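Structure, as structure tokens:
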């Protein structure tokens, strides 16, 4: 695992059944990916978005157990694979020893025209270092 | 296809890149499923939630083209399979002839304790009628 | 009243207490204002946003009764006053005969640099017609 | 001021104009109030919601300057007044020396039936201590 993102389940995340409204999980995943880029990779979204972006191309999530208001969960993100312009991530969300969801997602680095582009060299180098465990 | 859900892309759906912020798509999918149950199946969420629920167990989405503010899209939902307590759906979102995303999702009918339960008989009968094209 | 915006209270709007999570009301108000501009004033946000915008400068809301999942509410918007670059609105949300909230808000027409600008002449003319009841 | 709540402006908060979509500010305000109750007052929402709640009765916000993606803002909450069942708050959001918004809001402590109730004695005592500066 390359990055940990803790998240308390807040009032805003929960639905009338008292559990997380699942679209909110995707906001949490997005926050975690944003933190991955700013805190670990060193390419914050607010800088990146002047000419590039990393939209989600595909995402597949298995919700294995519900989360309730007040639960403390932690998303663990693993960078599984780095392509020319893509990045494959696996995110496992745990509350203690219980898995709450597992997400497999693919991001694509795009240019201002929305076309796939190569990762910038320093970003690629940094991600490779992270994947090799040297960061 | 068993149900159509039109949706204009609104200001609230869009991000600084001017395209739909993808967690918002899951709210749209949720709205479409809520409308499917109230308008086609005849078991509205607001009634169901007194003792049952149909949370999403898994969802897998392929975002094939971005949507922009003002676009008119339409989600077409097909009920692919009905299990004892599960329902497999496929949702294809189109803007004219262009596919914007394809979602494969599985819902599970649960009881108040959050355990899987059989679909109520009248609901099962109605869904079978829909799948057979007799509704 | 110049514009009516019906809204069913959906699952996504509600919190663990089973009533509308109040930040969701501001999304609904925003949707209603977006519809006011596209459907009544004839200046849709998706066109406007190429060089102008109408952000909310102030908003004051009195939540007089809670709304529950499945409730059908209707927002009635009155254009109270039109300034050089501002617009004062009053929105009353009803469910049948019961008031759910009353919002007083002020929008400001801005240019690409985020500075207040005069309403475009045709837009000003149209809004004046609406306020005089000739539309 | 009794409580500080820092918040980085994230991608999810921003609209196509690149500034905070104002309904998102109300989620941030709600998060700040939730943190005020859990971290300062010692009555977390997730415990409170088994028989009580503190919904927002009125809120009035003046948006004085826009916030952009990546901005670091801080909400400063002052407990202005404590009534039998109400609490008057003033929240000022700053980015450095610039005020981004000022919110005046009133919360009401309610019981399970949604009727106003007195603040629990230990909670009232704690809030009084906070207001007197002895915490």
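All chains are identified by letter, namely A, B, C and D, in their written order; residue positions are counted from 1 within each chain.
We adopt the following convention: contacts are C-beta pairs under 8 Å (C-beta built on N, C-alpha and C of every residue); 3 or more make two chains touch, one makes a residue touch a chain.
Keep in mind that this is a model prediction, so the values were computed, not measured.
Common partners of chain A and chain D, by the touch rule above, are B, C. Distances between chain centres, each the mean of the C-alpha atoms, put C farthest from chain A.
Where the sister copies chain B and chain C meet, the same residue numbers recur on both sides for over half of the interface positions. Separating the CA-averaged centres of chain A and chain B is a span of 24 Å.
Between chain B and chain C the centroid-to-centroid distance comes to 28 Å (mean Cα coordinates, whole Å).
Note on chain placement: the centre of chain B and the centre of chain D lie 34 Å apart, centres being C-alpha means.
Touching of two or more other chains is recorded for residues 11-12, 16, 21, 23, 27, 30, 49, 69 of chain A.
Against chain C, the residues of chain A that register as touching in their complex are 11-12, 14-16, 18, 21, 23, 69.
On the chain C side of its complex with chain B, the touching residues are 10-12, 27, 30-31, 34, 44-47, 49, 68-70. If you check the complex, the residues on chain B that touch chain A are 16-17, 19, 21-24, 26-27, 29-30, 49, 53, 55-63, 66, 114.
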